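The structures come next, written out as structure tokens.
Consider the two complexes below, in which subunit A is the common component and subunit B and subunit C are the respective partners.
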Partner chain A sequence: MIIDLHNHSTKSDDGRAKVSSYCRWIHKREIPIHGLVLTEHRQFDDESDYRELEDEHDLLILKGSEVETDYGHVLVFGVNEDLLNAFDFGAIDLKLADVVQAADRCGGIAVPCHPGRPTVGMVAHYEERGPIEGVRVIEVYNGGSRAGEDEASLALARELGYYGVGGSDAHLVSQIGLCATKFERDIRSMEELVMALKEGSFEAVSWR
Partner chain B sequence: MQRRFQDIELGDELPEYAPDISLSAVRSFAEAVGVGRVGRFTDHEQARREGLPGAIVPGIMSQGILAAMIHKWAPGCQIRKLDTVFRAPIVVDSQARCRGVITETEPDASSVDIDLTIVNEAGETRVLGTATVRI
Partner chain C sequence: MALISIDRKWIGQEFDVAEFKVSEKGILAFARACGETEPRFTDPSHPDFQAPPTFTSKYVSRRILPEAFPDLGARGFDAGKTVEVLGPLRPNDTLTARSKIADIYEKTGRSGPMIFIVHRMEFFNQDGQPVSIVDWRLVRQPDPE
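Let's look at the complex of A and B:
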């Protein structure tokens, strides 16, 4: 099962894609993904209900978040009430170590994204300050990466034994499905996604 | 050639457009909109002193360029909304390319939504956005 793990809708301040448009685009372009995760910037979208869209388009639509830490941006999967109370999702100065620990403690998982990107990726911060304990999975394919960024992410994953996922980081409809993650088993819920991420039973894929 | 709504499909791409962002073109634009004395738009050296890689294309010029691409594709259309996100500067005298693709068609309103991007020579997206256009 292939899921695009990193996408933004109009709920994000710089997102310009309606979720319904993502769904139509995936079918029109025959993009080989079976689901997507909406990871809105600095928030968890507790309001939107995409179940009708899921049924209409036979797609899994899950919700996570992308938060900002001292080591760059981080995807958070498995957001629940405990996790929402563990730290301020809207803050821009979170500690990566705190986010990783809180996610793990509350039944979720934190996944640093676009690690190879200057400033907002963790590679440069690792070089300066060393690795953070508890990181197990990082994004190694990102749809918005510039030349060399994914290569730096892959090198970091190899060096430290991290599992690697892929996500499009789509902000426009036409950007979805550039990168994704292929899971060995079917995923039907966020809980199953978190479990699969913790097991490492997946591989990152890129169609860029 | 007038474009007809019924001939447009989801996924159709607008012809790629290479805008003139030479220093002389940008200076003309900057003067026309009242920012002709702003060095970061009209003077490479001044822009570098401000920490930029060179003079940069004003945001409203990028929007104008995208609007021009849409009108070249569909003369006479009505742009109802043009919404842009400026990700990174576009350097004056570089070779930028504008792209557009239809992502929604609304028969009742005879309108389409278009994803828009301006990329640099390396293919990196500098400006992204969307437009809603009545055909």
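Let's look at the complex of A and C:
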């Protein structure tokens, strides 16, 4: 099962795509993904209900978040009430160590994204300050990466033994499905996604 | 620089009111510039002739930020506008635009921290009906240390 783990809708301040438009695009272009995760910037979208869209388009639509830390941006999967109370999703100066620990403690998982990107990726921060304990999975393919960024992410994953996922980081309709993650098992819920991420039973894929 | 240094009291405060007259010539020029082909935007004889949806994005208030708003430095860029259409704009309409700061927030990107200021202009026609809302995102970046 292939899921695009990193996307933004109009719920994000810089997102320009409606979720319904993503769904139509996936079908029209026959993009080989079975689901997507909406990871809105600095928030968890607790309001939107995409169940009708899921049924209409036969797609799994899950919700996570992308938060900002001292080591760059981080995807958070498995957001629940406990996790929402653990730290301020809207802050831009969160500590990666705190986010990783809080996610783990509350039944979720934190996945640093676009690690190879300057300023907002963890590679540069690792070089300065060293690794953070508890990181197990990082995004190695990102749809918005520039030349050399994914290569730096892959090198970091190899060096430290991290599992690698892929996500498009789509902000526009045509960006969905550029990168994704292929899971060995079927995923039907956020809980199952978190479990699969913790198990490491997946591989990153890119069609860029 | 942290956003936290900007008092959130600025959000929601109206700081400018300006008036604009919509003309047929202005609508046609805007439609041409946008590459519009719909007759209702390009043909004044069309029974539903009106301005293209993003027409109000061309208007600028007399002040961009409230008086005494904190100086955030000279570095920054225009992050674009979003337009919400609430009603048609037709020739000879008189628009009143009320400006306020709708939001202030921080984020980090490749180039470092950025402060986003959302300048909102709410447009009303001569009957007091809301016709358009334009959110203009202005980005300021702290000066390099």
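Going forward, the second predicted complex is superposed on the first by the 208 of 208 C-alpha atoms of A that agree within 3 Å, B and C clash if a C-alpha of one lies under 4 Å from a C-alpha of the other, contacts with A are read in each partner's own complex, and residues count from 1 in each chain.
Everything below uses one rule, namely that a contact is a pair of C-beta atoms (placed from the backbone, for glycine too) under 8 Å apart; a residue touches a chain by one contact, two chains touch by 3 or more.
Just so it is clear, the structure is predicted and the values come from calculations on it, not from any experiment.
Participant: Once chain A of both complexes is superposed, is A:41 in touch with subunit B (first), subunit C (second), both, or neither?
Facilitator: The second partner, subunit C, only.
Participant: What is the contact status of A:24 with respect to subunit B (first) and subunit C (second): first, second, both, or neither?
Facilitator: The answer is first: A:24 touches subunit B but not subunit C.
Participant: A:171 in the overlay: touching subunit B, subunit C, both, or neither? Say first, second, both or neither.
Facilitator: First partner only, subunit B.
Participant: List the residues of subunit A that touch subunit B in one complex and subunit C in the other.
Facilitator: 14
Participant: Show which residues of subunit C lie in contact with subunit A when the two form their complex.
Facilitator: Going by the criterion above, the answer is residues 2, 79, 105-113, 116, 137.
Participant: Please give the residue numbers of subunit A that touch subunit B in the complex, ascending.
Facilitator: Residue list for subunit A touching subunit B: 14, 16-18, 21, 24-25, 28-29, 144, 146-147, 171-175.
Participant: Where on subunit B does subunit A make contact in their complex?
Facilitator: Going through subunit B, the ones touching subunit A are 10-11, 83, 85, 101, 103-104, 113, 115, 117, 122, 124-125, 128-130.
Participant: Contact residues on subunit A for subunit C in the complex?
Facilitator: 13-14, 41-42, 68, 72-73, 90, 92-93, 117-120
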